[in-house]
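Comments concern the structure below.
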Amino acid sequence: MNHGPLIFLGVLATFVASWWGFVFAPQLQIGSQQTAQTDTGIYPTRRAGVALQGQEVYVANGCVHCHSQQVRQEGYTFDVVLASVGTNAAKVGDLLRQIAPAVNADEIVAKVLAKAPQPILTNVVQAVAEEVQKSLKNVGASAQFVFIPLGVDMARGWGPRRTVAADYLYDYPVQVGNSRLGPDLSHIGARMPDANWHLLHLYDPRTVVPGSIMPAYRYLFETRRIGKQPSPEALKLSGKFAPKDGYEVVPTAEALQLAAYLQSLRVDTALFEAPLAQFPSVPSGTNAPVATNAAAANTPNP
Amino acid sequence: MKDVKDNSPEAIEPTVQNGSVYLPMWMIGLLGLLIYWGFNYIDAHGGGYNELVYEPYRSTNQLASFLPTDESAAQIKLGAQVYKQFCEACHQPNGSGNAVQAPPLAGSEWVLAEGPNRLIRIPIAGLFGPIKAAGKEMNANMPPLAVAGAMSDEQLAAVLTYIRNAWGNTAPPVTVEHVQRVRADLKGRTDQYSVEEIEKLPLEVP
Amino acid sequence: MNGSTSSPVSTPAVSRELLVAQIDASCRVLLIPIFCALLWLLISSVFALITSVKLHSPAVLANCAWLTYGHTRPAANDAFVYGFASQAGIAIMLWLLCRLGRTTLVGIGPIAIASVFWNIGVKIGIIGILSGHTTGFDWLEFPRAGSAILFGSYAVLGVCALLTFRARREAALYPAQWYILAALFWFPWLYTTARLLLVVAPVRGVMQFAVNAWFVNGLFTLWLTSITLAVLFYFIPKLSGAPLFSRALAVLGFWSLAAVGGFGGFYRGLPLPAWMVSAGMAATVILLVPLLATVFNLWLTMGARLAPRPSLLGYFKTSLLFLALSGVFAIFAAFVPQLRLTLFGEGLEQFMLYGVVGLALFGAIHYLAPRLTGVENDRFVCLSGRMITIGILIYAGAFLVGGIFQQHKLVSSVPFAEVMNSTKMFLRLSTIGILLLMIGNAAILWRVAGLLREWCRTCCKCCCAEEMPVKLKPAEAAR
């Protein structure tokens, strides 16, 4: 330990190990990832136009220091959905009474006969779901198991499934974030699709979320005198947030870009590495049942 | 103890204790233990170093098991194989049949009937007699190719499902359960069916 | 030393002192980076104050685009790490190389110029962040211009350090020198790789996040920790008047840190393949071994004495204690779901920065500045130490505790607005903590400025006759 060159070599060797393990090897794996072909087309697609400019505004304003863009997942469960009854409805009904006593078998069979698939079991493990599916197949019915990701983030409606490398493929710079002083934004475009809500929120978050600690981004807006007529883009503010009489608040281009970017954020495409409730799905055009966790996603909670 | 009030510059630089090789065994043991635990942890949670495996999934096999098992596709694939093996020679690869040997299957009302009762009995028990199918009239002469032992229930269900969905046909699949019920019904029967006799049977499987 | 004798050189006492005086005289140029570092420290704490106030009173300064939270937070962080910690760290490491190698500093001129350019680079970087021209990556926000200048000056400083190391007259290497050598190598490799793969020729997708996290982990665990340990290994035995307890423990601590320190930086739940995340988490646990080895070694060197009266040793003891704590907290942050994403994560970062690196550098600067300027006064030594210690305990402590409460609520079904509402008290506490930190920062800056002023007067005595003050001899300046 008294020779500089030896220490240097040792330090070099150990450091190269970490570089190899956490930079080089991952680059070969996720760094060379390509887009995936999914049921709904190629995923991901590049953001275009206003949303792409909005991403630059997002980065320049340092939004990543409060908002993360990583949906996390702790587990998964299965539902079983009866898709068709086949030719022997009575036998199917009997089997249902046996395996799914919690549901009204006759009602289910009737609804399925009317071409509306119904869930018969919720929150079961994969083995049970497959078992049920097989026994229903043997009586001529057809059942599918529905895969449901579970997690605290899903329960909050912050995303239907976890985020994976494919979701960030075209982002630069990737804003995964290490801080949740504000809610996660990966799926905000689906949660809050209304651009007006975003503009109000950016102007002063307290207008739409009382008690929020998010700073007000008023410098993204212009308060100007109302011309002959109020501008159609002017924000509808009231109470203490409203501007002086004769003035209106209009979003600048940056605000509109940022709102467009936020509207473009969503993670609801099913992937091989991140399965999702719609995958396998019941045929579209039918009254597809709402998966248990997705119900929470419908509540308008930011 | 020296502190900052000392006016004279401190010329003695820090040194290591004379003959010091103190290295408690428990620390080495702890290092070994932690390294062992570390690699175990990565094995258990690392998904086999596969880039497609994210927490909480364990392997790509597990992910593959979540995919929809396209059952009908599997059945039709099996049915095509069975057809090639047993039926193609007479009924032809395109289901058009042969004026001498076999009636057509494509567009045949026998094949497309909603209830597959009669259809299942034909390969199990055989059929003979004048038959009319898809507008063609000929003499049926079907040997019982699907007797128990020659063809399994799965294979028969598969091939019947196949012919019911090939060459422009569309009809509900034949399930293994249907086949089992028909075989039970036919137990002990050795005679072939005549067309006359089979036309008296109901379409629904008993 | 090899441990063969406790007296380093066999020359008589008088020439020993002369040599030390020469060494310190040659190191006077290091006052430039040290003073500038303290200025950046104060600037960083001003930004940190603004950031902290905005957390519980978001309406403050809301209309100023440059001072929005998303700008002041990275500005505060980067000013601390690049403006203060790295700059002062390099200066102190250069001085340590001189002292431990018993040689004068090599490349005084280039060091002076490089230091000036370093500060220009940091200034460009901070202004870039505030004006929105950020790269978007944590701890790498400096735009290209600032970062290039920074790297250029580092290259000069690094070469001078290596030349100083090679010119050493002591063949044997003391553990502090291992850490200095390693740190001087780690920083450019980390920084260059990260900037290359993130800014110059960016990698695709979430790989950017992986490289960023690898860099941040290296920055804290390898670069900043090495600076701290070099300082601790030097000052704790020296100020305790006892030799370092065990060479074997030092070797174990060094190599296990080198081997495992580069890994880590990932926490549960990230959108990265499971193997990377679990490897990072496992590494965070294995880091307990170098931590234990080092803490044991230094603690036993001190003889486990708890010095009641304040002294410089207090800085290093507290830094060591906080280092141990942060190693343990890091494990919790990696394993407990979402904990790293709450205030806990940020509190842990600040705890490491101020509590570990900051205190160690403060102690070193308090020791160094009088010896480099030749002026003796110990105003504010205790004050700055106390303010930093109490300040960081309140600031980081509020965040750490608040983060635990926030995590509890995040993993339950409490609505998000309510989650943040419940942390308001901790956010307010953190502002008080930062105010104390600012007082501490100002105190050390004031002290060093005072020393510099006295020294400048001594120098200018020859130049301007009418300005000659009465008492300027170093011995007389001591009060």
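A, B and C label the chains in the order they appear, each numbered from 1.
Convention: a residue touches a chain if its C-beta (ideal position, glycine included) is under 8 Å from a C-beta of that chain, and two chains touch if they have at least 3 such contacts.
Remember, it's a predicted structure, so these values are computed and weren't measured experimentally.
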Topology of the chain contact graph, where touching chains are joined (line, ring, star, complete, other): complete
Query: Across the interfaces A-B and A-C, which one involves more C-beta pairs in contact?
result: A-C
Distance between chain centroids, defined by C-alpha means - subunit B, subunit C (Å): 61
Task: Let me have the rounded angstrom distance from the C-alpha centre of subunit A over to the C-alpha centre of subunit B, please.
output: 31
Field: Intercentroid distance (Cα basis), subunit C paired with subunit A, Å
entry: 39
Message: Can you list every residue of subunit B that touches 2 or more other chains, as numbers and ranges?
response: 51-55, 57
Task: Could you check subunit C for residues that touch two or more other chains and list them?
output: 2, 269, 271-273, 279
Field: subunit A, residues touching no fewer than two other chains
entry: 26, 29-30, 33, 73-74, 162, 164-165
Contact set on subunit A toward subunit B in their complex: 26, 29-30, 33, 73-76, 86-87, 126, 137-140, 142, 144, 147, 162, 164-165, 272-275, 279-280
- request: Would you tell me which residues of subunit B are touching subunit A in their complex?
  value: 51-57, 63-68, 71, 115, 172, 175-178, 204-205
- prompt: Along subunit C, where are the residues that touch subunit B in the complex?
  reply: 1-8, 13, 16-17, 19-21, 24, 99-100, 102, 174-176, 233-241, 243-250, 252, 256, 268-269, 271-275, 277-279, 281-283, 285-286, 288-289, 292-293, 296, 307, 311-313, 366-367, 370-371, 376, 378, 381, 475, 478
- prompt: Touching subunit A in the complex: which residues of subunit C?
  reply: 2, 54-56, 58-59, 62-65, 68-71, 73-74, 132-138, 165-166, 171-173, 178, 181-182, 185-186, 189, 193, 197-198, 202-211, 214, 218, 222, 251, 255, 258-259, 261-263, 265, 269-273, 276, 279-280, 337-338, 340-343, 345-346, 410-413, 415-417, 420-421, 424, 427
- prompt: In their complex, what parts of subunit A are in touch with subunit C?
  reply: 1-4, 7-8, 10-12, 14-15, 17-19, 21-23, 26-27, 29-33, 59-66, 68, 70-74, 152, 155-156, 162-183, 205, 209-219, 301-302
